[in-house]
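Shared chain: chain A. Partners: chain B in the first complex, chain C in the second.
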Partner chain A sequence: MPSATLLGQSILSGLFIGGLYALMGLGLSLAWGYLKLINLAHLAFAFLAAYVTYQFVGYAGLSPPVALLIVVPAFFLLGVALQALYTRFAVGEFASLLVTFGIAVIVESLIQYFWTADFRKLQIEHGTASLRIGTLFVPVIEALMLLVAATLSLATWAWLRFTYLGKAMRASAENPEIAAAFGIDPRRLALLMSGIGTAYAGVAGVFIALTSTLFPAQIFAWVGVVFAVVILGGLGNPLGVLAAGLAIGVSESVTMAVTEPTWAPLVAFTLLILVLILRPGRI
Partner chain B sequence: MTQATTQRWLGLARIAAATALAAVVGAGQADAQSGQPIRIGSTLALTGPLAATSQVHKIAGEIYVEQLNKSGGLLGRPVEWVLKDDQSKPDLARTLYEQLITADKVDLLMGPYATGAILSAMSVAQRYNKVLVHHTFGIPSMAKYEMHFPAWALGPTPEATFPNQLFDALAASPKPPKTIAIVTSKFPSVHFLSVGARDVAKKRGLQEVLWLEWEFGNRDFGPIAARVKDAKPDALWIGAIGLEGVMLLEAAKKIDYEPPVHFHLYPAPGPTAKAPEAKNALAATIFEQHAPFTNNPVAANFVKEFNDRAAKAGLPDNSVEVQAAASYTAWQILTAAVNGTKSLDDKAMGAWLKANRVDAIIGKLRFDGPSNYGDDLMKIKQLQDGKWNVVWPKEYAAPGASLKTP
Partner chain C sequence: MPIRAKIAAFLGAAAAFALLPLFQPPAFYESLLYLVFFWVALATSWAILSGFSGYFSFGHGAFYGAGVYTTAAVASRFDIPLVLTWLASGLVASLLGIAIGAVIFRLRRLRGELFALLTLAVTFVIATIVLNTRIDGGPGVFLSGVKLPDIFGRQSSTIYLLGVVIAFASLATAWFVQYSRLGRGLFAISDDEDVAEVMGVPTYRYKLMALGLSCFLAGVAGGIHAVFVTYVTISETFSVVVPVSVVLMSVLGGARHWLGPALGAAFITLLNYAFVGGEWAVIGRAIIGAILILVILFLPHGIAGFVAQRWRRLRPAAVSEPPASSGARPPIAAPTAVPKPAQGGVLLRCEDVQLAFRGVRALAGVTLDVRQGEILGIVGPNGSGKSTLVNAISGYYRPDAGRILFGGTNLVTLPAHRIAELGLARTYQIPRPCQRLTVTENVALAGMFGAAALDRPAALSEARHWLDFVGLGERAASLPAQLNLHQRKFLELARALASRPRLVMLDEVLSGLTPTEIAGAVALIREIRQQGATVIFIEHNMRAVLELTERLVVLNYGQVIAEGLPRDVVRQPDVIKAYLGTAHV
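Entry: the complex of A and B
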């Protein structure tokens, strides 16, 4: 029987990795839900941002917050530019799978070209710092990552629900023709949404660089769990993505704490299958 | 002048002598090269999850072929290396080896990198009766082909010999461990040795306080670190590949835990050396770039060349260790077989290799044991002051280095 400390520590660990799942899934969910793009390149962009952060922090000597301030706007612009291309070439929902897969492969190759295929690990001062709360330890960077994931999810949800732009975005996704009749420009909204989604990939990338090991082929290792988070959370539902990320993260961690860690990867997909059976209208 | 300085000067003198010798021999023989090139075909995982290590093999192979051509090639003919990318996919490696033999019509084969791809290549080599020398095959008992020749000298039963070697080293330390936690990736060649370590630990009376397995590619080491902390082992065996061991140690540090003695099976040496948590980590090796290994002038010359090329290629770690040394050794084995038989006849080369010993940079190799394996030449190294030093067996220890335990 695992001790209370072990269980508590594992739940914390699950919340933190769940926060990262949510960060990585957020932009993907928005693009799929509102732009009808199944953006496989999203994870590639997150890892590109991680490598750029590695370069800025590890070699140029910038601090992680400064790297974040550069990466996020740059990735916003990248998202806008890509959306302009998708619109120009009328890339639809299923075509986007192929197109964005191609982009992901190109990004992976570029990463390998510039940073080689070798393992990279960013070493920063106080990178393993933790706060002690009773018998539990809270790693500072991971806690910050969870906080950022929760804040972005909540802010995006509030933006979509309460602001004019957000309402316009939802209207445009539901019925573009009727929305256009009310003066909404779906093209400009799509550019904005794509920019925001890709900027979120940038945010995720900064935290990946701070917490994980980097190597180019890793991009595709995350596809399964992040897609599970997006589908479980509901397309275009930021709070759902956060909840799904945390649920999967905690389930995986507790599984690792009480049974064999090899069972952990099954958790995400078991949850996904259950949800798809019980609530088939999820996609 | 200190002893270390004297040794450095002696080392430099040896490298200079070896370079001069190679230049003289090369000048004499390079002109003698003529005729069609001898084409040696192989694949490497130039892309995909195993690409990091394959870059090392590519550089080592390029250095060897260049040196070989400078010194007259093989049988007086130049050598051409036909290299294809198997994308870290064993099924693709099989197809590409078929292609190398039937379409590219290469004269000789060189093995790919990693156990899965090597097994695939071995089945093709067997179908066409070709000699297959390979770099780093991790599960000797699975190699059934009579003309496969391993450069990575693990011995026929590394699952027993290697853990015994590690536990011998720990038993000789001032505070031998009484309990052990064995945690491991399920990556096949890693898992195989970890299971062996479990059996050996039991036979030696080491109490196993934890046994855990994770899938290759595991992202969250927090719960595993928490379980190791709970188990309070005297020693920790981490059946890790790449940076899994570092990720586990970092996760442990975040919960204020540092395992007293930690062994990492196949770590990425460069990035591991840079991780502060990995201080005093133990790992397996067959070669490190220090004496006595670099007393061999060929090895010293290769180390110098590899360090330069790896730096130019932008590899984060430029040192020669297991992978680069095994790769260079594989080429030495193939060359020895061709020179020994003075032919490209695979059957003759296979018979010659079984009957003779090959002098390589990792030691003297033989292939007359079970599954063509000879002696287990594995050693134990430790990360000391940011540098990997062999510490066991003592006769291979880096000058002045010995096993450090808490």
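Entry: the complex of A and C
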């Protein structure tokens, strides 16, 4: 049994990685829940954003917040453009899985073409700064990432629940024809939603660049965990995504502390499979 | 082309490829062709479950990988014949698939997308387990010590031949499955699983069988491939390349035809070869991704589907030509093997059947008898529980309480396909034909399952018979979407009849029909009863009800409020109050 400090530290790092899971899952969950699109390209976009950030910060010398200001609007537009394409070709839920798979493969190839398959790590000032609380170390950037994930989840939830646009979005997801009959334009809402979701991928990407080592092959390795988070959290439920992300993150890192690190991938899927079997109505 | 000629052509092709090494082609070409055949085997095996049933597996890599690592683990440690090792690979993969399927397919509301993601997740779980145990442990497994026998004098020829064998074995399996009872069931599942189950397709067992077959072939292909690559690693074996490629190849070629995935596999493998090496490999992958997108957007049914569609459009006359044997058909009155029952005995008895949906009591204790050989009418306001009762009897819903006895068997605990086998058939208020099967195939499907359980040729001729019976003979080769509502309703009827039921439940077959069409339908229903089937007739059209039925049951709020001779029942005050209403003239 690991010591209390080790356990505390691994719970903490589980919360941070869980924040990243939630950040990555948020856009995916929104697209699946509200646009009926299973967007496998979402993770590829997150990593594309990470590489772009790596380029901006590491080579062009921009500061991370400036990179964020460029990446997020750019990815918003990317999401809008793709949604226009999906609508034009009437891509359904299942076809979206295959089309976005194709997009993910293309993005991965592009990344490998421009940045090669090498490992890359962004070195920035204060990148490894951390606070010390009791016997625990709290890395500042990771803590910030968790904060951003929580804020975005809450804000998205509040937006969907309380604003006119959010309500229109929910109505349109439930029954597009009826919503349209009441004067809601599902197409424009879909463009907005897709833009927001993809912008979230951009936010996630900036934090991935700041916290992780980048290599193209990991894109698909994340698919499993992030989809587990999205399904566990409930489709289109931002708070659920946050909770599921944190739960999976913590259980993974505690597993790593107790057993071997290589066993970690088993945790998310075991949780997912258990939930699906015990509560099949969730999805 | 007659079936024998097709089989001869198939065997001829296999033999021609198998004899190719006699011409001593450069070893390089043998390896390239081996790769083509390897992917043909994987893509074809994938399509046996996923292409035919529509449950797209993204976990084919897991089963292929199980095969790779079984051979790697066995062949690197023990000195046993490789053929046995490959067999073991197939069995391990197959058992793994069946074990996983047995859990996943139990989820009642499993949807295609969820299945795809769960199988993808399974791949990572298996990879983690292999990585953390002695099967691999991290560094990969070398198989350089494994020696193949030299057929035609060279190792490369042997490997090539193995590729030919597994590819043609997979193709033969897929071909056989496509036109077998299993395949027909899978196609029905892909269009409408609930309807398939109610028609008598054992959906759960069929999905497991298809998955088992599919995994077996993938496992053997993996075992052979392990020997080909001689060094296996986790990251190569369980990468997404395998699932992505097989999905892409099958979708490109056409996943609903046994030959489609092979076309796609050959195309993609050769395309990949064109981009071998360095930067080209990366660009080649991007191009393949782009092809996947374009195919989904512009050719959703793949090359095979596209060709079939064109074929149908170009030669409608040839396809819908009536079969030569149709002249020799017996008259309509005597086709079914159902013995003419003695009138009057109870065929179906519902005893206090109850069913609630979250507090809404759809059936609040329904008790009624259906007598052998009668037409029993069931009427009642919308929401009174008529369709729910049909769903409960046919096994789609399981009642919370009560018994439903059919010839002495309690149906309540039986799965829907078993109920169909006992001789119950139904139609749907809103027709639910299998959209991607022709009218004939739809009806023949019913004849292959249910009480009839005919073989395919017999089911096809039975189907033609019933299509003539309901007047759809000329539309035999059409797709359901090309029919109008009236024709689709009659297709439902033909489908119910082709399963040779003892009891047919007709759920509002007349709704939406014109008066002339109704007259035709009423005559048909009378004819059905003449032939020995018992009929439950649910309808709002009171004229048709009074004209057809011998007894009438009125449901209201999930309870029987009246029962008896139609003329008497319609005069009862509560029936008038609850359903018929008073005339205000």
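Rule of thumb we're sticking to: the second predicted complex is superposed on the first by the 283 of 283 C-alpha atoms of A that agree within 3 Å, B and C clash if a C-alpha of one lies under 4 Å from a C-alpha of the other, contacts with A are read in each partner's own complex, and residues count from 1 in each chain.
As a convention for this text, contacts are C-beta pairs under 8 Å (C-beta built on N, C-alpha and C of every residue); 3 or more make two chains touch, one makes a residue touch a chain.
Being a predicted model, the structure only gives us computed values, none of them experimental.
J.: Do chain B and chain C fit side by side on chain A after the overlay, or clash?
T.: clash
J.: According to the stated criteria, A:A95 is in contact with first (chain B), second (chain C), both, or neither; which is it?
T.: In the superposition, A:A95 touches chain C alone.
J.: So in the superposed three-chain picture, is A:Y59 touching just chain B, just chain C, both, or none of them (first/second/both/neither)?
T.: neither
J.: Between chain B (first) and chain C (second), which, if any, makes contact with A:F182: first, second, both or neither?
T.: Touch status of A:F182: no partner.
J.: Considering only touches as defined above, state whether A:F16 meets chain B (first), chain C (second), both or neither.
T.: First partner only.
J.: Can A:F162 be said to touch chain B (first), chain C (second), both, or neither?
T.: It touches nothing on chain B or chain C.
J.: Determine, under the contact definition given at the top, whether A:V223 touches first (chain B), second (chain C), both, or neither.
T.: second
J.: Please work out whether A:I273 is in contact with chain B alone, chain C alone, both, or neither, and reply first, second, both or neither.
T.: second
J.: For A:Q112, is the partner it touches chain B (first), chain C (second), both, or none of the two (neither)?
T.: both
J.: If I apply the document's touch criterion, which positions on chain A are contacted by chain B in one structure and by chain C in the other?
T.: 109, 112, 217, 221, 260, 262, 265
J.: Using the touch rule from the top, collect the residues of chain A that touch chain B in their complex.
T.: Interface residues on the chain A side: 2-3, 5-6, 9-10, 12-14, 16-17, 109, 112, 115-121, 123, 127-128, 130, 132, 137, 139, 142, 212-213, 215-218, 221-222, 225, 249, 252-254, 256-257, 260-262, 264-265.
J.: Where on chain B does chain A make contact in their complex?
T.: 46-49, 51-52, 54-55, 88, 186, 212-215, 217-220, 222-224, 226-227, 230, 242-243, 246-247, 250-251, 253-256, 268, 270-271, 274-277, 313-317
J.: With touch defined as at the start, can you tell me which chain C residues reach chain A in the complex?
T.: Per the stated touch rule, the residues are 56, 103, 106-114, 116-118, 120-125, 127-129, 131-132, 235, 239-240, 244, 247-248, 251, 279, 282-283, 285-286, 288-293, 296-297, 300.
J.: Mind pulling up the chain A residues that touch chain C in the complex?
T.: Within the complex, chain A touches chain C at residues 38, 89, 91, 93-95, 97-99, 101-106, 108-110, 112-113, 217, 220-221, 223-224, 227-228, 231, 260, 262-263, 265-266, 269-270, 272-273, 276-277, 280-281, 283.
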